[in-house]
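Each of the next two complexes has chain A plus one other chain: chain B in the first, chain C in the second.
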Partner chain A sequence: MRNLLQNKFERILQKKAILVLALIIMPLMIVLAIFFSGHSSIKEQIGYLGTDITNLPKCDQYTVVPISEMPKLSQMAEGMYAAVVSKDNHNKYTVTTLKSDTDSAAIETLFTTGQLPSNYKGDDAKRKERGTGTNILGFITMLIIIQGVALTTMYPEDRNLRTLRRIMSSSANIYSYLFAQIIFTFISLYLPTYVAIILAKRCFGAELGYSIDLLAVLLLIITLFATAFAIFISTVLDRNINLVTSGVTIITCVLSGCFLSISSDNVILMTICNALPQKVYMDIVHGVEFGGHFSDYGGELFYLFALSMLFYTITISVVATKTSKGAY
Partner chain B sequence: MNFLKIVKYDFINILHNPALIISNTILPVVLIAVLGFVTQNNFGKEPLSAYDYQSVNMLIFSVSLIVAITTSNSFMEEKVIRGNMRIAYAPVSKMEMVLSKIVSSYIFVSICYGMLIPFCQYILGVNMGGNRCLWFALLLNAFSFFECCFGAMFCCIFRSEEQANSIMQIPLFIFIFLGGVLVSIHRLGKIVNEISYISPVKWIVRCSYQIIYDNDLHLLLSIIISLAILSLICLLICGLRFKPEEYI
Partner chain C sequence: MPVTISVHNLKKCYHNVQAVNNLSFTVSKGEIVGILGPNGAGKSTTINILATVLKPDSGKVIIAGHDLQKEKMQIKRVIGIVPQDLAIYEEISAEKNVRFFASLYGVSEAHLSAQVQTALKSVGLYDRRKAKPKTFSGGMKRRLNIACAIAHQPDIIIMDEPTVGIDPQSRNHILETIVALQEKGATIIYSTHYMEEVEAIADRVLILNDGAVIASGTTQELCKGFENQITYSFQVDTTKFMKESILSQIIGVKEIAIKENTIQVVTDSKKNNLNEIISILISNGCNLQSMNSEKASLETVFLTLTGKKLRD
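Presenting the complex of A and B:
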């Protein structure tokens, strides 16, 4: 058992790609994510098309700038202006925007009355309301799940190169091999991520939304889940593991609201979304950021735990069948 | 003649890989549906809806990410390597070997995206510029050839699929991020905005929007030429770094 674990860590030194991925790229992405989430980006711009530019309305969600000609639709799509407002001869304002009707109406109100409707929240305000910590952890969740599978590559590789057969014919058995892999994946997933986050906080004074201790626990939860998932997917699939995981993870993370909160009237779709483990995790993260306690989320925590156990159970049964068939 | 034979077998090899087929056909459609659904509250109906916007973005996204992975898979996947070794023994020049992988995956993705774009426009009814979607398809096609060369280049440099794939994703993600396909980067400040011009994805996105929304083709030719030059550079690096004897 100890030898197996030692073997993993020694071999990783030979694999520069994985090393670079775990120790440089992953922390870098996380620092970037934190940096851009905390970075106060420029407010969305509204272009004003008109001659009387002395008395442009001001508000805390948009900046109004005078422009001389109507931007093209392609420039609007690139996000140059959130909206363009023009005034006709009867002092009536026309709003051209790609945003929703609510936004459009709010912007019109801004120009006619000089301020936005009091209960109006633009995209930026909605994002902020979701919580900085939730936004950062949403992105990190996706990274950790993809990364976990990338760090488990040695296991399918051992299978393909028949190293596993040699290991199994020694005194070690397949289960201690798997256990060593689990510990390895977990450590090399958790430590760099956590260190990167602490560095981001200490060096750049980034706003995280959580205390460091709380973050350690939250990261622990998702890392444990990601490890179980990585072992599961590496056992079930024979080839294209990275490709399949990236596809599945990106789609499920978007649907779980890791990047944007989602809501819909479609009951079936929402049931599916709510059952996704990332969604359950995001619920915990969001709740804890706004003062909740872990004990309030016993059901959610149990769900994640049960799902991880299910992944391990399937893994063990698949491995047991394959071993008895002599597939290795 | 030999070359065509290798291309044919490489192509058949790709067809035997369901994950590659799914990720080049169904995955983009699912991505469009999911992202369109998630962002629909942020968009109005006119002049373009969330689905119109996301379909252009997601097609560019999947070409930039998945096409390169497709090439590296068809080049150095575990099951292909043994075949490659046999070709290395045969009287085939090493450039033919590299080119066959690029050409076969290029043909494959051309077919996939050549069908996907009309499918989105005419069957799903997403706005891709009506009949102008052919110009968009042409642009994406040139881009996917570059991506194929790019993927092959990383295989030649790193000499294993797994390393090539994991390292390749870094520049690709940076290109995608700077291209503003996933998040609008217009508001991250002037510096980020200026840096973003080094990303080919940024230019592809700009040109696509111009073609689709403004019927403006003036960037198209220069972008296709630049992509051709970039592809040649990648091929050159492939030629310099590829050593078939390493298979043995």
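Presenting the complex of A and C:
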């Protein structure tokens, strides 16, 4: 077991791309996530295309600025303007925006009535409502899941090199090998992430939204899940593992509200979203940040634990089948 | 010599293909047994079963007194596997490779360094122990592949085509290493496609076909039934007018193969029919360029027993 672990660490030291990603890029992204999540966002700008610029509306969420010509769509995509509003000859306002219909309607209301609808929440307001800690861990969740699979790369590599067969013919067996891989992935995921967060807190005085102890536990939960997922996906897929993982992770993280809360009237979509493990994790993270206790989230914790166990069970079953067929 | 490997009625089926079919053989302690067989004969399946990485469907395998079904762990400790693939890590040093694989067999730290050193020396890689295999030639990688299998000093070494695609010097070194291992008391099972390797090192040969042993014995014993057989190869200017049916009428001729400008005739050497063969060739428009003769070899036996039909 110790030899298998040592072998993993010796080999990972030679994989510079993964090493740079794990030890530099990941912590850097985490620090940036913390840095930006901890700072208030700059108010978004609305460009007003018209001649009567004396009584432009004012609000907490947007700054209205007069502009002389219609900006390019790319400038709006870059975030230079949240929307552009123009007025026609019949005093009717037209809103051009890449934001949602709800946002578009609220901006139109701002211009016609002079204030935003009372129940309207812009992106910045939504972020504040989620809490800094939830925003940070939401972003980190995606990174941890993707990085977990990258750190498990030596397992499919051992299959391809046929070194796994050699290991299986020794006194070590496939299950002790898998256990060593799980320990390795977990350690390599958890430690750099935790250290990066603590360093960001110490160096920049960033507000995390949790105590160090709470953060350690929350990080532990998502790392344990990410490790189980990494082993599972690396077992069931033979190739394009990183590509598939990145795609699946990004989509499920967006749907889970890791970056911004998602709500829809579509029952099917919301049922799918609520079943996603990242969504369940975000519920725990958000609840704990706003004073909840872990015991309040027993069902959610059990769900994540059960899902992780299911991943391990499928992994063992697939490995047993492939081993009996001589695939390894 | 006591029997150290006993295989009885072994069977293994993959996707309705009977890879190993009632295979039975024994290997005595200290023996080098060569396993020959065309592609799909069941060599690798047999080796993977003996290496404990593949479960047989039925049959009994006893290795070093341990039953494969019941005492797998005890068997693992006494065997070393040299796989057909280069199962080594290119990015860590040769020494770390050998150390890692030896450590998996429970070699104590106190003995590990010495045993790794011995293994690297025996394959001629000690001076390059700190180098990474990605800087090695194909032959060096093959030798490292062997070192990784012998560092824990197993009693039984199972080699699956260990010399594929290497230069003659490396091949020669590997064969010398195998003989040296035998002299130290190791029992070796050696699977290969190269007849001359088996002729050079094996005490006994098993010829496998369709998952079963179709012949076994020493090279001399296997060639015994073919001692009166001789193969003549004629290089001619053209074979346009030559037909197999003409040559087959000569008494003693067993087999004829006409390909491009070469005519190969397998015949009974006691019949002294060479003059007759040559005169028929000439009378049928074949002008002789050169000729050679070859007595029955292991290859002759192998091709006769397994057939010349191409295998997938």
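Operating definition for what follows: the second predicted complex is superposed on the first by the 255 of 328 C-alpha atoms of A that agree within 3 Å, B and C clash if a C-alpha of one lies under 4 Å from a C-alpha of the other, contacts with A are read in each partner's own complex, and residues count from 1 in each chain.
As a convention for this text, contacts are C-beta pairs under 8 Å (C-beta built on N, C-alpha and C of every residue); 3 or more make two chains touch, one makes a residue touch a chain.
Keep in mind that what you see is a predicted model, and the values were worked out from it rather than measured.
Of the two partner chains, neither chain B nor chain C is touched by A:T54. In the superposition on chain A, A:M168 makes contact with chain C only, while chain B stays out of contact range. Legend: residue contacts after superposition of the two complexes on their common chain; A:S104 is shown touching chain B, with no touch to chain C. Ranked by how many residues of chain A each touches, chain B and chain C are led by B. Judged by the touch definition given at the top, the superposed model places A:S68 against neither chain B nor chain C.
When the shared chain is aligned, chain C comes close enough to touch A:N7, but chain B does not.
Once the two complexes are laid over each other on the shared chain, residue contacts for A:G326 go to chain C alone; chain B is not touched. Of the two partner chains, neither chain B nor chain C is touched by A:N91. In the superposed model, A:S295 lies in contact with neither chain B nor chain C. Shared contact residues of chain A with chain B and chain C: 15. Remark: chain B residues 17, 19-20, 22-23, 27, 30-31, 34-35, 37-39, 41-44, 47-48, 53, 65-66, 69, 73, 77-79, 158, 160, 162-163, 165-167, 170, 173, 180, 184, 186-189, 205-206, 209-210, 212-214, 216 touch chain A in the complex. Listed in rising order, the residues of chain A touching chain C in the complex are 3-4, 6-7, 10-11, 14-15, 161-163, 165-172, 323-326, 328. Chain A meets chain B in the complex at residues 15-18, 20-21, 25, 29, 36, 39, 41-44, 72-74, 77-80, 97-101, 103-104, 123, 150, 153, 157, 160, 239-240, 242-244, 246-247, 250-251, 254-255, 257, 259-260, 262-264, 269.
Partner chain A is touched in their complex by these residues of chain C: 14, 45, 48, 51-55, 73, 76-77, 79, 81, 83, 85-89, 91-92, 96, 100-101, 103-106, 148-149.
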